[in-house]
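What follows is a pair of complexes built around chain A, which joins chain B in one and chain C in the other.
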Partner chain A sequence: MEHSLELARISKAFGKAGVLSEIDLTVAPGEFLSLVGPSGCGKSTLLRIIAGLERQDAGHVRIAGRAVDGLSPRARNIAMVFQNYALYPHMSAAENIALPLMVDRLSLAERLPLLRYLSPRRKRIEAAIAGEIGAVAGALQIEPLLARKPGQLSGGQRQRVALARAMVRKPSLFLMDEPLSNLDAQLRVHMRDELTDLHRRLGATFVYVTHDQIEAMTMSTRIAMLDGGRLAQIGTPTELYERPASLIVARFIGSPAINILPARLDPQGHVLLGSLPTGLLAAEGEAGPVSLGLRPEHIRLHAVCDRAMPMATLRRSEHHGADRLLHLDLVEDRQTGLIVRIPQDETTQYQPGETYGIGFAPDKAHLFDPSGLRMATRTLPARIGAAA
Partner chain B sequence: MQAARFPLSTGRLLRFAGAHAVLMLGAAFMLLPFLWMLLTAIRAPDEILTGGLNPIPRSLHAIENFSAALQQAPLLRFMLNGVIICGGILVIQLLVAIPAAYALAKLRFPGRGLLFAAVIGGLCIPIQVPALPIYLALAEFGLLDSYFAMMVPFFLSVFAIFLFRQTFRGFPDEILQAARVDGLGEFEILWRIVVPSALPAIAAFSIFSIVAHWNDLYWPMIVIQRMDYAPPPLGMLFFANSETGASYGVLMAGATIITAPLVLVFLLARRRFVQGITMTGIK
Partner chain C sequence: MTTLALAPALDRVPRRSRPAREWLAGTLFVVPATVLLLAIILAPLLCLLVLSLTDYEIGALQIRWLGLGNFEKALSDPVFRRAMGNTLLYVALVLPGGVLLGLLVALLVHGRTRSRGFYEVAYFLPVTATLIAMAAVWQFLLHPKLGPINGMLKAAGFSEIAFLSEPSLLIPTLTVIGLWNLIGFNMILFLAGLTAIPRDLYDAAEIDGAGGPIDRFLTVTWPQLAPTTMFVAVTTSITAFKVFDTVAVLTRGRDGSEVLLYAIYLEGFQYFKMGYSAALTVIFLGFMLAFSVFQAFQLDRRVHY
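What follows is the complex of A and B.
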């Protein structure tokens, strides 16, 4: 099957500053791919290159199996939704939605003021367009707003009109540039739901840029994370969460963020926290400092500490509905904070100021070498110093 | 209690009154010639030179003066000339300056900075500098004594390019990109999307342009010999020389008639004009 979108070795620089280097990416039809990354990682530039609004310095873009490198945005058969909605301010919602169809179906002369009244087919085409606008507006429930100007619409309504303008062309590819970031928190959650639903109904391919990992995790079929203009990792949300390829991905994905503890490899490859063995064994790698990553929900606290394990003092406990987040400081290393997620009904046993032992299942731990890349690990058959 | 409800202290009141006194003095200084023009236009001829500075006319002579002005001089012809010249200049200025300003504000191309510097430089050159070469060229092609000769030096307005460039720069790039994705070409983007939101600036510039060229005496005096083509101020000059002599009442009635359209245009477009020169209202 043809890919909906293929990027081959895309590079781009603005002046001397490299923005993107050698991005390779394929998106299958019907996928919802999120491009995530910290601000300035090049994700918006990549989206603009796909759209044809920006020219790449090197590499190729193929959309629906067709090379589009020299083509204008219009010829690429894509639609784009922008962060600030980008509605035409002096046109009504209906005129905004109609514009791409008018451009597709009427000649330039038929779009000119006065001259357009000479065209015999204009009325028929405009009636057809009005029908399609009605259908799209119905799907997005914006019919009552069609006569209003963008200035008279709320943020959520504007975003729906912008979505309608994108949908009405039935493009092969939807590009979205942080479409939810200007909405308030509640509306954002609601629109997330609507967008996922829309993606399922349309069966179209979405490429979605966001800096919000929660949006990416909840909506996407796959996530591509960019960092410093390079592809840091691409995979399903589960893959990025459970097997982050680097420290940067591990830190970016997941909320609250992953705990990173400074650790050490001994010459036999045992991972040591302080001087205590963790039951984790590096498959390869030299002795020296490494980083140990632990998701907040994979840490267990032990009140009775009869085994050798790292100790931490509970500083604060936060209510998060079903869960509670415990903030701790390592006893041995006061600089390193730790966040642990505990189901609400277990929280009464933990008191601020008390010291607890830190335990975790070695197979849930992530190990990163000094350059930040993931290291392969094994767990020791007999667990030493750790409890599940 | 009284003071709390009316928080103007004596000091603030004095400053307020002082500022307004200065502003009113300035306004009076600007308006006095117009007031005197109006007063002269309604006075009897013998009263104009003998009445001194007494502002109140002893006898009303308005009807005689205005009808004399309209009969003795082809005032309507002068005003029609003015409309043709101002309209022609303005239309071409807008057609040239708007695309140029859009390119300078929003398109990326080599030499853009240099071209914009040239525009700024152009702002510093008064009409008197290129007057002679333009006159010679017009004479060479036999184009003197025509509407075209009066309009051609003003077709390209660097002031308009500068003003519109500043306005267009504030227009959101995202909307331009959305229009490109929707398939609009750059010219259509400019005229259908950008220009409608720049109307205040365009109105402000139009007033500047119309006032400047309606009142222009210098350039028409150089290129026009025939009274048929004279715009209002030049027409008044011909009129003052030939027909009326020292009949100031009639002369001032004529001046009042040709100033009136400008005042009307300004009053109609006042709000947009103020919006335009304060450069707000875009977003």
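What follows is the complex of A and C.
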């Protein structure tokens, strides 16, 4: 089957500042691909290049199997939803939604003020368009809003009108540039749900830009993370969470963020935390400093003072509903903080100011070399200083 | 209960009720603005109205009440009627010309990147130049024998045109000079409006297929500039109504080229007929007021969304 979107070695620079370098990416039909990354990583620029609003310096874009490099956004048969909705404020919601179809089906003269009344077929076409607007509005439940202007709509309603404008052309590709970031927290969660639902109903391909990893994790079928204009990793949300390819991905995905502990590799490949073995063995790599990544839910605290464990002091405990987040400081290295996620019913046993032993299952740990890339690991058959 | 009964006795001076105190405070807050408004605008206006009903002349020892006599005289005065007609013609030419040319220049200048600063300054220069001084330059430029404009016309095979003496050309010539003086200012206002248009809207238009220049202008630029256009239209028409300098310097109202303000100036400060002049001023103000109110209401309904 043809890919919905194919990017080949896309590069872009603004002046001397390189924004994107050699991005390769393919998106299958029906996928919901999120482009994530910190601000300035080039994700919006990449989306604009796909849309045709920006020209790449090198590389090729193919949409639905067709090379679109020289084509205008309109000819690419895509739709885009913007962060600020970008609705035309002087037009009603219905007129906003109708615009792409009007431009498609009526000539320029037939759309000009006054002149358009001369066209014999205009009325017929406009009636057909009105029917299609009704169908789209019905799908998004915005029929009562059609006569209103954007200024009279709330943020969530505007977002729906913008979605309707995107849907009405039945594009082969939906592009969304942080469409939820202007909504309040509650509405954002709700719209997340609606977008996922819409994606499923339409069966269309979505490319969704966001800086919010939760949006990416909850909605996408795949996530492409960009960092400094390069593709840091692409994979399913589970892959990015469970096997981050680099420190940057590990830190970006997951909330609260992953704990990164400074560790050391001994000449035999054992990973040492301070002077204590962790039960983790690097498959390759030289002796020296490495980083050990531990998700907050993978750390266990032990009240028993076992000297074979790294120790940490509980500084603060935060209520998060079903869970509680414990903030600890390593005893040996006060600079390094730790966050541990504990189910609410286990929390009474932990008291601020007390010191606990840190334990974790070695197979849940992530190891990164000094340049930040993931290192392959093995676990020692006999676990030392660790308990799950 | 006892404390309640004692309270009035302790408090001899009855305190003002809350609404009364609020009313007093509110009044005090309003006083400065009211005094200024009265002293600066309403009192002079009232003086003008009273004067316009008299035959007051500068230096006169007596003053006579005429009622509406001055206004009756004005309406039958051929000079005033001509001045009125000329002014309306001038406004009718300068208003659309000034708005459309200002918009056109702003669109062109906005499209420049590096040379934008130069064009902004170039077009704005006439605004900063005093029209009286520049009128001398225009007089030379338009001179039938010496002026370069007629020189060019002749070189192109046309006969020479007496821009400043042919009566039917006087108002059009003044219009061109007025536009030259005005366009830079309107351009700056339109540029400010253009800069404020969100980029997203142009992107959306591009995606929707309305990316061509005409579609872009009709879908995004023009509607987004509507509030600016209304402001420009109001200021331009007021400026046009007040045309005076070019008439005073270049034509002196000869050959039927009087305009309202020049007529007022002549009556009041050349012939010293202050009462009559005041009546003409009242008519002038009435026109300005009606025009501004009409524009504000008419356009306001369409530019805000």
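The rule is simple: the second predicted complex is superposed on the first by the 387 of 388 C-alpha atoms of A that agree within 3 Å, B and C clash if a C-alpha of one lies under 4 Å from a C-alpha of the other, contacts with A are read in each partner's own complex, and residues count from 1 in each chain.
One rule holds for everything that comes next: a contact is a pair of C-beta atoms (placed from the backbone, for glycine too) under 8 Å apart; a residue touches a chain by one contact, two chains touch by 3 or more.
Bear in mind that the values here come from a model prediction, so they are computed numbers and not experimental data.
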Review point. So, on chain A, is it clash or fit between chain B and chain C?
Key: clash
Check your understanding: Touching A:73, do we find chain B (first), chain C (second), both, or neither?
Key -> both
Exercise for review: Quick one: classify A:108 as touching chain B (first), chain C (second), both or neither.
Suggested key: both
Point to revise | chain B or chain C, by number of chain A residues touched | key: C
Check your understanding: After superposition on the shared chain, which partner residues are touched by A:82: those of chain B (first), chain C (second), both, or neither?
Key -> both
Exercise for review: Check whether A:149 is in contact with chain B, with chain C, with both or with neither, and answer first, second, both or neither.
Suggested key: second
Point to revise | chain B versus chain C as contact partner of A:58, first or second or both or neither | key: neither
Point to revise | Touching both chain B and chain C, residues of chain A | key: 48, 51, 53, 72-74, 78-80, 82-84, 86-90, 99-100, 103-104, 108, 111, 165
**Study point:** Residues of chain A defined as touching chain B within the complex
**Key:** 48, 51, 53, 72-74, 78-80, 82-84, 86-90, 99-100, 103-104, 108, 111, 165
Point to revise | Residues on chain B engaged by chain A in the complex (per definition of touch) | key: 172, 174-175, 177-185, 188, 193, 196-197, 283
Check your understanding: Mind pulling up the chain A residues that touch chain C in the complex?
Key -> 48, 51-53, 72-74, 78-80, 82-84, 86-91, 99-100, 103-104, 108, 111-113, 149-151, 165
Check your understanding: For chain C, which residues are in contact with chain A within the complex?
Key -> 198, 200-201, 203-204, 206-212, 214-215, 218-220, 223-224, 226, 305
